[in-house]
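Next up, some structures in structure tokens.
Across the two complexes that follow, chain A remains constant while its partner is chain B and subsequently chain C.
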Partner chain A sequence: MSAHIWALSGVLAITVTTFLVGWRASRLASTTQDFLVARRTVRSRRNAAAVSGEYLSAASFLGVAGLVLKDGADALWYPVGFTAGYLALMLFVAAPLRRSGAYTVPDFCEARLGSRALRGLAAVFVVFIGILYVVPQLQAAGLALSNVVPGAPTWWGAAGVAIVVIVNVFGGGMRAITVVQAFQYWFKLFAIAAPTFVLCVVFIGKGGLQSSEMTGLAEELPPTFTSAATMTVQTPVLLQVDETVKFAARGTIDDDPVDGSVYWTAGETHEVDAGTTLSFSQGSSVPVVAGAPVDNANWFAPVSTRDDLFATYSLILALFLGTMGLPHVLVRFYTNPDGRAARRTTLHVLVLLSLFYLFPIMLGALSRLYTPELLVTGRTDTAVLLLPTKIAPGLLGEILGAITTAGAFAAFLSTSSGLVVSVSGVLSTDVLRGRVRDFRFATAVAGGVPLALAIALRQSDISLTVGMSFALAASTFSPILVLGVWWRKLTWVGAVAGIVVGGGLVLTALVISTISGLTGDWAPGVIDQPALITVPAAFLTVILVSKMTPAKIPSDVAQIRLRMHAPDGLGLTRDRAVASFGTAEERSRLADGRHRK
Partner chain B sequence: MSMSVLSMARHIAGDLKDGLNGVGVRSAARGVRRLLNADFVGLADLSGDVVWAPAEPPFIVDAHALVEKVLHSETKEGRSPLVAVPLHVHHELAGVMVVAGASRRAAVREASTWIVEALERGRLEASAEQAAQAELRALRAEISPHFVYNALTVIAALVSSEPDRSRELMLDFADYIRYSLAKRGEYTTVADEFHAIETYLALQRAVLGDRLQVQVRVAPEVLAVALPYLVLQPLVENAVRHGIEPRTGTGHVQIRGEAEGNDCVISVEDDGVGMDPALAEAVLAGRGGTDSVGLANVDRRLRHVYGPWYGLVVETAEGEGTRVVVRIPRFQPGVMP
Partner chain C sequence: MSKHTAGPGREEQGGRRAYSDPPSKTRRKRVVLADSRAPVTRLRTVVELEEQTSYGEELVRQLIREQLKDATLAWGTVVLIFLALPALFFLVPQLSEVTVAGVGLPWLALGLLPFPLLFVAGYWYNHRAERHERAFVAMVEK
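Right after this comes the complex of A and B.
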């Protein structure tokens, strides 16, 4: 029980600290003596921490380790893609977008193509993408909380996080959003790195793989239970085994009631109903969810089938191009003073994310050894939360578990807050324009709708759901951004057609996959990872339709492109102050005045 | 029927907004042709180049000769079916309309009058725009002589006792003057505007000493927001001039800038003498006398740039201090530093 108390206090502590950091930073005023410091802009490094803090969501903190546990080498593409998205952003979009002066994607559409219709359509998709991204965060919160408080229904956690986020935004806790999010990044890094180090030390201290009956991670054998394990399946699941297993079961298997010993022979697939309790003895091999690699050699090796190959490339494309279209990512770049700073910030983000993603991967590999029962229940997303108490039973494990749980809640809070703020901003300026110009009402909508969806929809792997919103962003906004920055002949008609085709295809895939998930998983793999088809389709549509409507090329296109691409030093954008007053260094040589730093 | 005539007339007026050599002339000629039910309609400016609708007529040589004739005689020439009428804008020849094909003379006369009125309206709009620009420039030059005198006197007083401080104040003064008088684009950033405020406050603190207490709190997220020149600085100047200077004892000025959704909200607050809300209303409406032209001007410029939603909000009462709130969207097409 004490583990739960530790974890709960960790969650409370991080929530209160987030409030306090935001409250303090927004009240941090400079008084008469030092008011001139207030003008200082945010440094690239802090801004990068803020971008990373907002970006590292439940999918990164919990989902990556869970997918590594289940899918092995193939899942490594998730952290790679989550990071590489910023490479695309840095190479193609960051600096020109900043110089264009746009705050959101709809702003960019209007600035570049001068069309109110396109702006409205883009606003609608910002809301779609935002909501699609918040839903899995809230579901993950439900999962994490039911892990901390046994027996709590999953909607508790979702409602809790949604309420905290809305109250925080209402109370002005997100006014100092840069400081809050930068703090969240460092906390999340600590919450995942510290337990990883300690758990690795404990693991090696126990003698590593040699000491126990664990299956090596590259052996052609299924994982085994390191101790006797009893688990209750909470959602119906299809299981397969690679070796004959004997275990005790109580409940319903393959539509027949069972109560006693069960034998499963190699290669069979069995359906286990919700509420069934399975008990395995120490050393018996672990059944896994159908479709996941069964033995460790398979788990360790990359793509095995052609479907896997398609899904992998699709995923890479979605993540690589999707990051630039995420609403909460772009708005943070606005804080940079100029295009160069925007590019430098992205570079720092790449470093910070690369550092972070080392740890969930290691935790995922460790959990393959220590928490294989998650493979049976299908709740692989909780691996990061459960692992500490498994490897290091006792007080140490409980404290480490509290830290990872607090980190997970930091992830839910920061990403959801960032998204709710961005979505409600777009809602209040574009969708509700003229009728309700109330930011609070928009915030309540932006938080309430995802909460309702999170409770109503069935939960699947966090990273897969988040992957869908990346695919949506990659198929709608990335063609507009990339071509808008680099292609002269883009027209608003082409952009509208691209968004409609790309977005329409992804949303169709999403609906089909949801229906198929409810009626027995009949949809082909392409439906779950549609980006390899939808992204090229969107790009092609934009190009073809723009070619067909050359009359609609905006008349001021040359001027806009000059503004976006001219180096900052030329002073076309920000620093005419530099041209007229000299650079900061020159001025500080003139006078060592306080404000001339 | 009358609906379509009205809408055609409206479109013609819109097309002629930029005059007879603007981009909408061809579309206007097309509209006139449909209105008159003529075969060909041409519109020419003073250079004699005719823009035809729907296409160049076969008798183009005759038509051009006719246009040249009208440009010299400034009276109606030719007879049905090919007539050319002069277009006099403000009693001055501005162009020629050529109509070919059976149409009633009265109708042609009405059409030419309509075109002339549209052209006159376009000119009026352009000059109104110019007047607004001139007003902007005028505000930029509005530096209180009172303040310049006080600042320079204080600096002079400090030269011998605190030479370092006086040198710094001198540079502050130079910065301030430069920012206020510089002839640059229409827009700046919140960061630069705050810098101007800071130099101003540094000088005022030298003048008023400990009587002026200032608190500046600006969120880094809004520093890059673009806004028209000298929107915030006059507000701070007002707060000091009307809030602190007229009374004895210490006064506080609070300046706050923060993000709210997609908007940036900046407020300037003083705990000075305040004023009657009715007076504040009169000041914003521009009836406050020469002393408070600044506030009304800022209000009008904000509305002009961002639309009617984004005017100044003044919260005040007698003896209760004053709070002025500026709300600007973080992005507005065309507003770039």
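Right after this comes the complex of A and C.
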């Protein structure tokens, strides 16, 4: 029981600290510009920490380790792709986008292509992607909290996180959030690195892989239970076994009630209903959720089938190009003082993210040895939270578990805050009139809607849902950003067609995959990760339609391109947020002055 | 800018008072008609850039082309290496069995190697892009 008390106090501590840091910073925030873009005065080191803090979501903190536990080497593409997305962002959009002076994606669309219609369409997609990304964060919060407080309904965690985020954003908008995010990055790094170090020391101290009867990670055998384990399945799962296994069960298996010992022979697949309790003895092999690699050799090696290869490439494409289109990532770049700083910030971000992702990978591999029961219940996302108490029983494990739980909550809070800020930024400037009051109203909407969805929708793997939002961003905004920055002949008609085709295809895939998930998983792999088809389709559509409508090339395109690409020192940048919401003094400076450095 | 616009105004008031007072009490006042620190003439090439003369446009086009070339080169290299990895492990499954210092090759190739690679590509591009920009500014302000 004391483990739960430790973890709960960890969660409370991080929540209160987030509040305090945000509240201290929010006293400085007063104007619309503070709320939207932190007045663009954030230095590149701190901004890099803030970008990373905002970016490391539940998918990174819990999801990566969970997927490594389940899928092995193939899952390594997630951390690589999450990081590589920033390289694409840096190479193709960071500096020009910052210099364009646009403060949201829809604003960039209007600034570059001069179309209100395109701006409206882009705003719709920003809000949609934002919500699609917040929902899994809130669901993960529910999952983590039900882990800490046994018996708590999952909506408690979701509601708690949503309320903290709304109140925090309400108070200070972007200005407060920047400080909070920078703090959260360092906290998350600590919360994952410290337990990993200690657990590795304990693991090696126990003799490492050679010590016990556990299956080596590369052997052609399924994982085994290192101690007797009893678990209750909370959502219906389909399990497969590779080796004959005997265990005790109480509940419903294959639609028949069971109470007593059960015998499964190799190669079979069984359906276990919710509420069923399974007890395995020490050393017995572990049944695995259907679709995941069954034996450790398969888990250890990357892609082995043609379908895997396709899915891997599709995932790579979505993650590499999706990052630049995520609303909370782009908004954050506007807080850099100029284009050069935007590029430097991204370089720092690459370092910070690389540093972080080493640890969930290691924890994922360790959890294959120590928490194989998660493969049975299907709740692999909780691996990071459960591992400490498994490897180091006693007080040490409890404290480490409390640290990882607090880190997970930091992840939920920071990513949701960033998304809520950017979605409400778009809502308040594109739908409402852009006053501080409108921003606050939009915040309540941007936090409340995902909360309702998180409670209503079925939960799936965090990283998979997040993978879908990356695919959507990659198929809608990334063609417009990349081509908008580098290609002179882009027209608003082409951009609209690209968003409609790319976005439409991904949304269709999303609907089909949801239906197939509810009716027995019949959809092929393309549907679950459609980027390999939708991204090229979107790029092609944009290019072809733009070529067909050369008359729609904006007349001031040369001027805009000059502004985006000319070095900062020449002082050609115009900040659009200043033009719309700045004080009279700031606007006059914009009108007559070149603020040369 | 506000500092400078407020400056002359105050001086003017002071001046008016000076006329009403006896001449003996007046102190010499410095009247600022224009801020000497503001650039007197704007740089000719910057004007050319902004006014979209063919020369200015050609300059910008060249800069964009250079930046895009470097970006594509860095991106192409990284993406080519990454795309080759899954295919390599698919076509030569024996590679998965190689271990280096106790860690499997696929885990090193996918879990460790990409991160330094990404940083090196980013660092190289950042360096090149800043150099192009410095060269551009130097040329414009010549």
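As a working rule, the second predicted complex is superposed on the first by the 545 of 597 C-alpha atoms of A that agree within 3 Å, B and C clash if a C-alpha of one lies under 4 Å from a C-alpha of the other, contacts with A are read in each partner's own complex, and residues count from 1 in each chain.
Here, a residue touches a chain if its C-beta (ideal position, glycine included) is under 8 Å from a C-beta of that chain, and two chains touch if they have at least 3 such contacts.
Keep in mind that what you see is a predicted model, and the values were worked out from it rather than measured.
Peer 1: Look at A:393 in the shared chain and tell me whether it touches chain B only, chain C only, both, or neither; answer first, second, both or neither.
Peer 2: A:393 contacts neither chain B nor chain C.
Peer 1: Would you check which partner chain A:236 touches, where first means chain B only, second means chain C only, and both and neither mean what they say?
Peer 2: In the superposition, A:236 contacts neither chain B nor chain C.
Peer 1: In the superposed arrangement, does A:354 touch chain B (first), chain C (second), both or neither?
Peer 2: Only chain C is touched by A:354; chain B is not.
Peer 1: Please indicate which partner A:566 is in contact with in the superposed arrangement: first for chain B, second for chain C, both, or neither.
Peer 2: second
Peer 1: Please indicate which partner A:102 is in contact with in the superposed arrangement: first for chain B, second for chain C, both, or neither.
Peer 2: first
Peer 1: Chain A residues touched by both chain B and chain C?
Peer 2: Residues 593, which sit in both footprints.
Peer 1: In the complex formed with chain C, which residues of chain A make contact?
Peer 2: 73, 76-77, 79-80, 83-84, 86-88, 90-92, 95, 217-218, 300-304, 308-309, 312-313, 316, 320, 340, 343-344, 346-347, 350-351, 354, 357-358, 361, 365, 486, 558-559, 561-562, 565-570, 572, 585, 588-589, 592-593
Peer 1: Please output the residues of chain A touching chain B within their complex, sorted ascending.
Peer 2: Listed in rising order, the residues are 26-32, 35-36, 38-42, 101-104, 107, 110-111, 114, 175-178, 334-337, 421, 424-426, 428-429, 437, 439, 442, 563, 573-574, 576-577, 580-581, 590-591, 593, 595.
Peer 1: Which chain C residues qualify as touching chain A in the complex?
Peer 2: It is residues 1-2, 46, 49-50, 52, 56-57, 60, 63-64, 67-68, 71, 74-75, 78-79, 82-83, 85-87, 89-90, 93, 96-97, 99, 104, 106-107, 110-112, 114-116, 118-119, 121-123, 125-126, 129-130, 133-134, 136-137, 140 of chain C that touch chain A.
Peer 1: Going by the contact rule set out above, which residues of chain B touch chain A in the complex?
Peer 2: 167-168, 171-172, 175, 178, 182, 184-185, 189, 191-192, 194-195, 198-199, 201-202, 205, 212-221, 223-224, 226, 254, 256, 258-263, 309, 329-331, 333, 335-337
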